[in-house]
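Next come two complexes built around chain A: one with chain B, the other with chain C.
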Partner chain A sequence: MRSLRWRGRIIPAAPVRTVPTWVLLTPALVVVLGLFGGGLALGALRSLDADPLPGQMAWSLAAWGRVLGDGGTWASFGLSLWIAGASTLLSVLFGVAVALMLRGAFRGRALASWLVQLNLAVPHLVGAVGILYLLSQSGVLARIAFAAGAIEGPADFPALIWDPWAAGIVLQYVWKEVPFLALVTLAALQGIGRDYEAAARSLGAGPARAFAHVTWPQIRPAVTGGAVIVFAFAFGAYEIPALLGASYPKAMPVLAWERFTDPDLARRPEAMALALLIAALCGALVLAGARGLRLGGVR
Partner chain B sequence: MTYRPLLAAMLAAPILAPAFAIGAAAQDAPTDWDSVVEEARGGEVNFFLWGGADNINAYVSDYVGGLLEEEYGITLNAVPLTDTADAVNLVLSEREAGVTEGGAVDLVWINGENFRTMKQGDLVWCGWTDVLPNDDLIDWENPAIANDFGVPVEGCEAPWSTAQFAFGYDSARTEEPPRSIPDLVEWVKANPGRFTYPAPPDFNGSAFVRHVFYHAAGGVDGLIGPFDQATYDAAAEEAWDILNEMEPHLWREGATYPTSITQLQQMFANREVDLIFDYNPSQFGVFVEDGTFPETTRSYGLDDGTIGNTNYLAIPANAANRAAAMVAVNVMLSGETQLEKARPGVWGAPPAIDVSRLPQDLQDGFGALPQHPSVVPAAELAETALPELQGEWVSAIDAGWQENVGR
Partner chain C sequence: MTGLRLEGLTARYGDHAAVAGLDLAVAPGERLALLGPSGCGKTTTLRMIAGLLAPAAGRVLMDGADVTRHPPERRQAVLVFQSGMLFPSMSVEQNVAFGLRMRGVPRAARRDRARAMLARVRLDGLADRRPADLSGGQAQRVALARALVLEPRLLLLDEPLSSLDAGLRDEMRELVLALQRESGVTTIMVTHDQAEAVAMADRIALMLDGRLRQVGPPEALWHRPADAQVARFFGGVNFWPGRGDGTRFDCALGPVPCAAEGPGLLTIRPEAVRLDAAGPGALPARETGRRFLGAVTRLRLVVGADGGEVIADSPAPPETITQVTLPRAALHLLPPP
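Moving on to the complex of A and B:
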């Protein structure tokens, strides 16, 4: 054990750790396994229980058969994939761009940073209501267009809310997640400094080449991590597609909730099967993301 | 691997928990009202109800809550829901987790398939209604009161209000609204993009689809009673044909439907559509008064009649505060609170009690209620009232719509 001297005092070094790692991990594991693992196990059990009455079990795969054999499930799956994929891609593009702009020194940088981070504190639901009032066919923009004589009625305004392309939902997620990804990317950018990039530029690389070959590989782990979080959230969240989504297909979480609250108790196992599908896909994605980080040679 | 026993225990816990719930049964109902009141005094009631209308929330929290506080020292906690099924699910989940008493829900505003679910799952407390002094005001001989969507009530809930479906329109925009399903189809074709309905399972959208279904079945008579697949199949084909014939002429060419009655109300207020409907027609008057709907809003029933129902108050079998919930129901069934509820500016909900059994001054009060010009009189609607169907029918029609029209 070595000790440090600081202003004449001797600061003892931390004692050598003798507690095994798994003991230190236990509290976190109990919470994760107990709450999530227990919830998943309970959900799996309920998805296999054909008897709707509480306290009785009747093993059956019928709910899984109904869910997997229903074209509506796959339409919902496709929609959720589209919402999460498009939201993530656009958020990454804009988030990284914003971070690159904010890292330099310029007049009003503090104000710009503050403005970018402003909506981090706005709840998703509040943002969704704002999008609704702004973009619906009788929203603020439609009213301005009507007053300017550009449209003759609500139906002439493009359908951005409750539309088959889920434009309103994607816009809401992008609006909300760009600051998050910008913040993550900015932290990574500030961690690596500008020396490597400056060296590349002095050796003749243009800005695009320097970004692609020098900066991007260094911030990629942080951006990938952030993107995985955004994707998993957008894929599994209920409230935005419930408020801004079309009647068909419904996003996976909305479909699961509809089955869960169906007055016919026999449909509850289908809700559990749907919820497990959502969890499985998100889990697979996080694993793939982690694997991608390792393959990228980053520890 | 050392973690296996721990993992096994975690997996087993949720499996074993429901086992403890078996054998939970409703306790016997009390027989003595005075002891109920004594037990209820100073307590609280967690009342779960659909919370989508500000005026209803105000009536429940302020007026009924005020009376309970004043007379019994009981605190009424109104818990707003977007869907009554949420409360049923909460009770069911508690039951699955072994919570057979001390549950979170003391009282729930309910009817139809949700009541059927609670009764089917033994989740509702029965046999307490005839202990209430104001039970004398209820006409249990009336089949529309004694049956909830075709399911016998049998003392498992107390009626609170009646309701009957009506259509609404803006008389300044629309001169002659359609008064039958065939007329509606023609009207929709002549006014493309100006009509739509909320997708079932929305409560009001589901009721609208049932009107089309009744028409397709040649009237409701053949649909009364338990679910019958052959009868359903025959009527369903015709019903989906009618709705699919309308679809390309609906709002957004029928590519999508609103997902809630609230969304349709906003669209009517914003003039995106020209027709509206509501199971609670007094809402039209409320929306006119608060400026959401134009003053020229008018409402009406269909020539072949519109569907009516009775809605109820139920106490879950595992409710924590049964006595206080009973006192709350008794207060809500009194002539005074039912009269207040019927006032157009308050809620405008028709009473579920038999008004002729009230003292003369209260009867006069009901007789003197002003009629809002935007709200079709309940008596006029009631001349051609159609009954609701049993829950299996409602579920089958909702699922059939999603399968054949909604996608």
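Moving on to the complex of A and C:
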């Protein structure tokens, strides 16, 4: 066993570990399985309970039947898929572009880098309120357009909030997630350095093809990992679509919350079924996406 | 075969001139070594030739045509990096075929050419391997194959042997020389190792502090260095300031018979000092130390009344040394410091 010397002191080497790995993992597993798995299990039980009274149980698949048979659920699923997909795609595009710009050396790079990271500390909800004030048909931009004579009334301003395309929601997620993906990508880019790209250029590849053939395959695992996080978050988050979303269809988490807070307690199992559906669909999509993009990394 | 000319080539990092007004011509088919200590600007120069770094001033001409503003992909001047820089997401064969793919060579043709090139660097069996599964020497050979398969106008080698251990080094050197002779490609290699430069180059361009100090065949830099710094870089250790009158040179060793004229630094390579024979012009000497260096033993000798020191390398020095001879033909006068 070797000891280290650090600042004049001798630091004894760690003793050989004798505790089995599973014992060391237990505290973390208890938290994850207990809270997360327990929550899922309780939710599943509640979704199968047709009796609204506490302490009573009446096994039934009725709630699942109502949820799956309702066209509104599938409209919500489509909307959530669209929100998460569009947000992820745009965030990746802009995030990678920003990272590519930030990795070079230029005057003002430190300032640009600081500005890009600025909104990482801003909560989603604050950003959403900002978007609301800025983009709604009675918002700041609409007022400026009216004052400039570009529109004649609030209704002439394009609907970006509470609109069927969920433009405001997607915009909010992109605004918030571009810096995140830019940071992840930048770290990956800095990890591989620029000599691979230089080698590709020297061998006859233009800048775009050097990126596509040489740089992208090396940063893809990191970017995909970041994209999966963004997708899962945008698919399952409640507050932004609740604030900026249209009344129909509603994003899936909003629908679940509505069922949960419905005065009719008999609808609560539906909320549980919806929540489980969100978890299952989200998990399946993330798995499929990760497999499709070979998240495991470059072989 | 392509000739290269650099005119007033300058690179700056902030206020620091990494390369200052470099003028250099390389003949078609020539092997030139850019030699110098680390930080002397040689790699920066190589990158400017490859087009990977825009010069602050000056021009790069290939066969007389100004390519200073051409991007790297249009120059056909392929740079082989010290660490190979094989693309980790591609197989060995895909790496070698990469440049051909960029040129639009059809799949079957580039596969054949890549395989043939791999055979020439004796890596036939490794076409389907990943770069991560290669040894350092193998990776270096793949990088060389990846460059040569393009039949480039210029081959630029950045420290081609530095990352290899001694045995592989000789093998790789012979391979590079053989492939270069076969293809006749004009080659510029950067190295900090004077032995590597001497063994591989037709001519050496020695750079110190961003400037060219001497350009010429290896023998010239070895035996006729331009100044004391160049001499030191090639292992020169004997420098005696003094003045010559055409028949003898007066310095700390006393009067040394030689044809040097005027003030300057008299020098001789340590291995040229003779210890064995008492011939004409022999100087009385006293040994003050010896150290075994492997191929030679290095001796410190005091010569003359003023305590002048001579350092001599000898493969088999005599037990006792009483005199040294500085052969006239081996003595060389450097400008005064």
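In the analysis below, the second predicted complex is superposed on the first by the 267 of 299 C-alpha atoms of A that agree within 3 Å, B and C clash if a C-alpha of one lies under 4 Å from a C-alpha of the other, contacts with A are read in each partner's own complex, and residues count from 1 in each chain.
Criterion: a contact is a pair of C-beta atoms (placed from the backbone, for glycine too) under 8 Å apart; a residue touches a chain by one contact, two chains touch by 3 or more.
The structure displayed is predicted, hence computed values, not measured ones.
Using the contact criterion defined above for the overlaid structures, shared-chain residue A:214 touches chain C, although it does not reach chain B. Once chain A of one complex is fitted onto chain A of the other, the partner contacts of A:34 are limited to chain B, with no touch recorded for chain C. By the touch criterion defined above, A:245 reaches chain B but does not reach chain C. Touching more residues of chain A than its counterpart among chain B and chain C is B.
Using the contact criterion defined above for the overlaid structures, shared-chain residue A:42 touches chain B, although it does not reach chain C. After overlaying the two complexes on the shared chain, residue contacts for A:200 are found with chain C alone; chain B is out of touch. In the superposition on chain A, A:225 contacts neither chain B nor chain C.
Remark: chain B residues 7, 10-11, 13-15, 18-19, 21-22, 24, 83, 85-86, 88-89, 92, 95-96, 112-114, 116-117, 120-122, 193, 199, 201, 251-252, 255-259, 263, 266-267, 270-272, 391, 395, 402, 406-407 touch chain A in the complex. Note for the complex: chain C touches chain A at residues 47, 50-52, 71-73, 76-79, 81, 83, 85, 87-89, 98-99, 102-103, 130, 146-147, 150, 156. Contacts from chain A toward chain B in the complex involve residues 33-34, 37-38, 41-42, 45, 52-57, 71-72, 75, 137-138, 153-155, 159, 162-164, 242, 245-249, 258, 260-265.
On chain A, the positions that touch chain C within their shared complex are 195-196, 198-206, 209, 213-214, 217-218, 298-299.
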